[in-house]
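Labels for the chains are A, B and C, by order of writing; each one numbers its residues from 1.
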Amino acid sequence: MPRFFSSCYGEESVHIPDGFLATPVWATLDAAAAPAVVYLARRAQRGFQESQAPLLGVMGAFVFAAQMINFPVGAGTSGHLVGGALLAYTLGPAPAAVVLTAILAIQALVFQDGGILALGPNIVNMALAGVAAGYLPFYFWGRRGRRAAMFLGGMLSVLVSAALALSELLISRVPMPGTVLWISVVLFTISAVLEGAITVAVMGALEAINPNCVRHRAGGGGRVLGALASAALLLAVVGVLFASTHPDGVEKLLHIVPPNSAAWLRKAVAGLTGVALIFGACLLFGRLAARHRSA
Amino acid sequence: MHHVILERWSRGGSWLHHRDPRAKTAALLILLVLIATSHAGFWLLGAAYFAVLVAALAWARLPLGGALARSAIVLPFSLVFAAISLLAGDPARAGALVVRSYLSALAVLVLISTTPLPELLRGLESMGVPRFLLMVVQFLYRYLFVISEEAQHMRAAAVARGGARWRAAAGALAVLFARSYARAENIHQAMLARGFGGHFELLLGSRFGWADAWFLLAAGGGAAAIRFAIERVAR
Amino acid sequence: MTPLIAVHGLRFRYDDGTRALNGVDFQLYPGETVALLGANGSGKTTFVLHLNGLLAGEGEIEVCGMQLSKDTLPRIRQKIGLVFQDSETQLFMPTVLEDVAFGPLNLGLSPAEAVDRAHHALHQTGMAEAARRAPYHLSAGEKKRVAIAGILAMQPEILILDEPTTSLDPPGQRDLVQLLRDLQQAKILVTHDVAFAEALAQRACFFEGGRIVATGSVSELVDRFGWSKIESCAP
């Protein structure tokens, strides 16, 4: 059973195809992703210079190609780099988000891996939340304990994107009985640990070749702020997961929606609350990154 | 390689190939939304849309078997959840998952095999997608297989060398990273040498003509009409 | 006769301190073809990268009567067409036509004029049918010809080619020689390929340790520095 699952989950990252998500879910996330991507594209562009585009495109091609290099885990399985955290450390978080968005677009269009209407959710999961989750530990703790911060970053980037994807599927009432859910969680946790380890290993090898490769050194900012931001992000993700499995419970908690309204509305509100939390965390991170850049 | 096949398919000469990419993109989006939001008369609707897409493939003179097989990439994922639904006693949902995901993938394939990617990107730009992002996608696509080939060579070399595989893999990735980065710098130099001033000037996109308008009307309107009719019947 | 390029006392040091150019004096006259010979790392490529301002060192560089400076860079980059060693890096646009039109568009031509220039240049290099193709699928020789077309489309007065015969098979090398013979521009050829240099160049400069240590005909320098291939090694 587990091997069957890992073969159909394919890689460590879940690209949700079209046809799985409920309309409120993909519509909301498409609407959320669009302005975020426009904003990040402008940030990554650095003023009016478009000369960064070849670099970001080529590094996107690198991430694709990196899938071919296997990191053996034993028992005939191996993992490979997902790359969100690595890109954030070497290019900066906004460029990393743009690269991942481009990767998702190519995967959906050229390889039919991931849907088109589902691009919004996939972008939110991997290019936005995943990159933010990968960058935050490094940003706050990277100066001391850099390897630990990178490991944590790699791990969180996969965990957060997988958890969000899972939540979105759950909110959309995609059937997932308890055993399947737990198997998925276990698989994603393993992938997350792998990503952390691979990220640290590759960054180490990179620094041996070129000590200046880490473009965005960890900025200032207190440990407390870092802990708070990471906690907020994790809380948001857990919140979405919880909300997706217990939509009615959340509604009773929040008294937002009258009890007789349509099931999809209740679920949508629950999901939206979670997404809003994520979005808030991303905005916070964006503001921090802006402060860091001007520092 | 799929990429090579797509290049060939997308540069065909049929009427569909010649249509403005914006019209085709809009038609695709309409169809995808219709598929995603449908809830009644499912199998009939699926069959109808399937017939339409197959007809489009035939009209575009594209190999049917290849296209249908390519879209089946999504099936392993869908079939797992379909199986779970069946076991949970919800065959309607099982069918919906498989039909929706496959049809959506097939529809996207029809778009991408009748429109060369660079043209599609130009069309998306005039539909509001930021140019910078589209240039990144363009460069990604251009160098995707160049760098993948490099990775393949490195993989072969690493395997031949043996030794600590985790270390070798990390080293290989680091080298690939450094090479890719250096390649990007060389590309930048080549751009500067030919007068690049910081802003990409692009060739004209295509013109949106009457044929394109008719196509969009027929495709979008037709798909909506089909769904409307079938939902009436299903009720 | 006034030289097209006049270099006086060019010095350059890399960021890590290595001195790559140690006082180079050089002239290029209209209509002539000069070969730059020398060992790897002797400064040949570094030198040519200074001529269109991709690298900036100390010393004087004058191109077509203009002193090289930030203001004259755009015009100088139109006068000098640099063909890089790696065609894959030079052809960075998704189709041949877009790539060849890249230079003209940067020069401020309208898209229609740029396409015209591109078609003309492709015709000149015998690659007219490849206009809509993706560069990835071309052979090494075809890529080189498209790269040259991309330069010719800017109507330069000087062509600089960096190791152009690398990865070309013998027929490809012959075709390249033929093509270059038909082009009127003054040329600088950075090359290891002695036969190639002899076929095209009236004179040659030998680089050693960041300086030009000798000039003369190709065969003179080959004899003087023993710059010959393996077959002339006595067993």
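In the analysis below, a residue touches a chain if its C-beta (ideal position, glycine included) is under 8 Å from a C-beta of that chain, and two chains touch if they have at least 3 such contacts.
Bear in mind that the values here come from a model prediction, so they are computed numbers and not experimental data.
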| item | value |
| --- | --- |
| Chain at maximum distance from chain B, centres defined as averaged CA atoms | C |
| Closest chain to global C-alpha mean, per-chain Cα centroids | B |
| Centre distance in Å when chain B and chain C are each reduced to the mean of their C-alpha atoms | 39 |
| Inter-centroid spacing, chain B versus chain A (mean Cα positions, whole Å) | 22 |
| Centroid spacing, where centroids are CA-atom means, of chain A and chain C in whole angstrom | 46 |
| Multi-chain contact residues (two or more partners), chain B | 117, 138-139, 141-142, 146, 183, 187, 191, 196 |
| Of all residues in chain C, the ones touching two or more other chains | 92 |
| Per-residue multi-chain contacts in chain A, two or more chains | 54 |
| Residue numbers on chain A that touch chain B, as the complex places them | 4-5, 7-10, 17-21, 23, 26, 37-38, 41-42, 44-45, 48-62, 64-66, 68-72, 81, 90, 98-99, 101-103, 105-106, 108-113, 115-117, 173-177, 180, 198, 201-202, 204-206, 208-210, 213 |
| Parts of chain B lying in touch with chain C, wherever the complex brings them together | 4, 7, 11, 116-118, 138-139, 141-142, 145-146, 183, 186-187, 189-197, 201-204 |
| Residues of chain C that touch chain B when the two form their complex | 49, 52, 54, 74, 77-78, 80, 82, 84, 86, 88-90, 92-95, 97-98, 101-103, 105-107, 111-112, 114-115, 132, 134-137, 150-151, 154 |
| Residue ranges of chain B touching chain A (in the complex, touch as defined) | 2-3, 6, 28-29, 32-33, 35-37, 70-71, 73-74, 76-78, 80-81, 84-85, 88, 90, 93, 96-97, 99-105, 108-109, 112, 117, 120, 130-133, 135-144, 146-148, 150-152, 154-155, 158, 165-167, 169-178, 180-181, 183-185, 187-188, 191, 196, 198-200 |
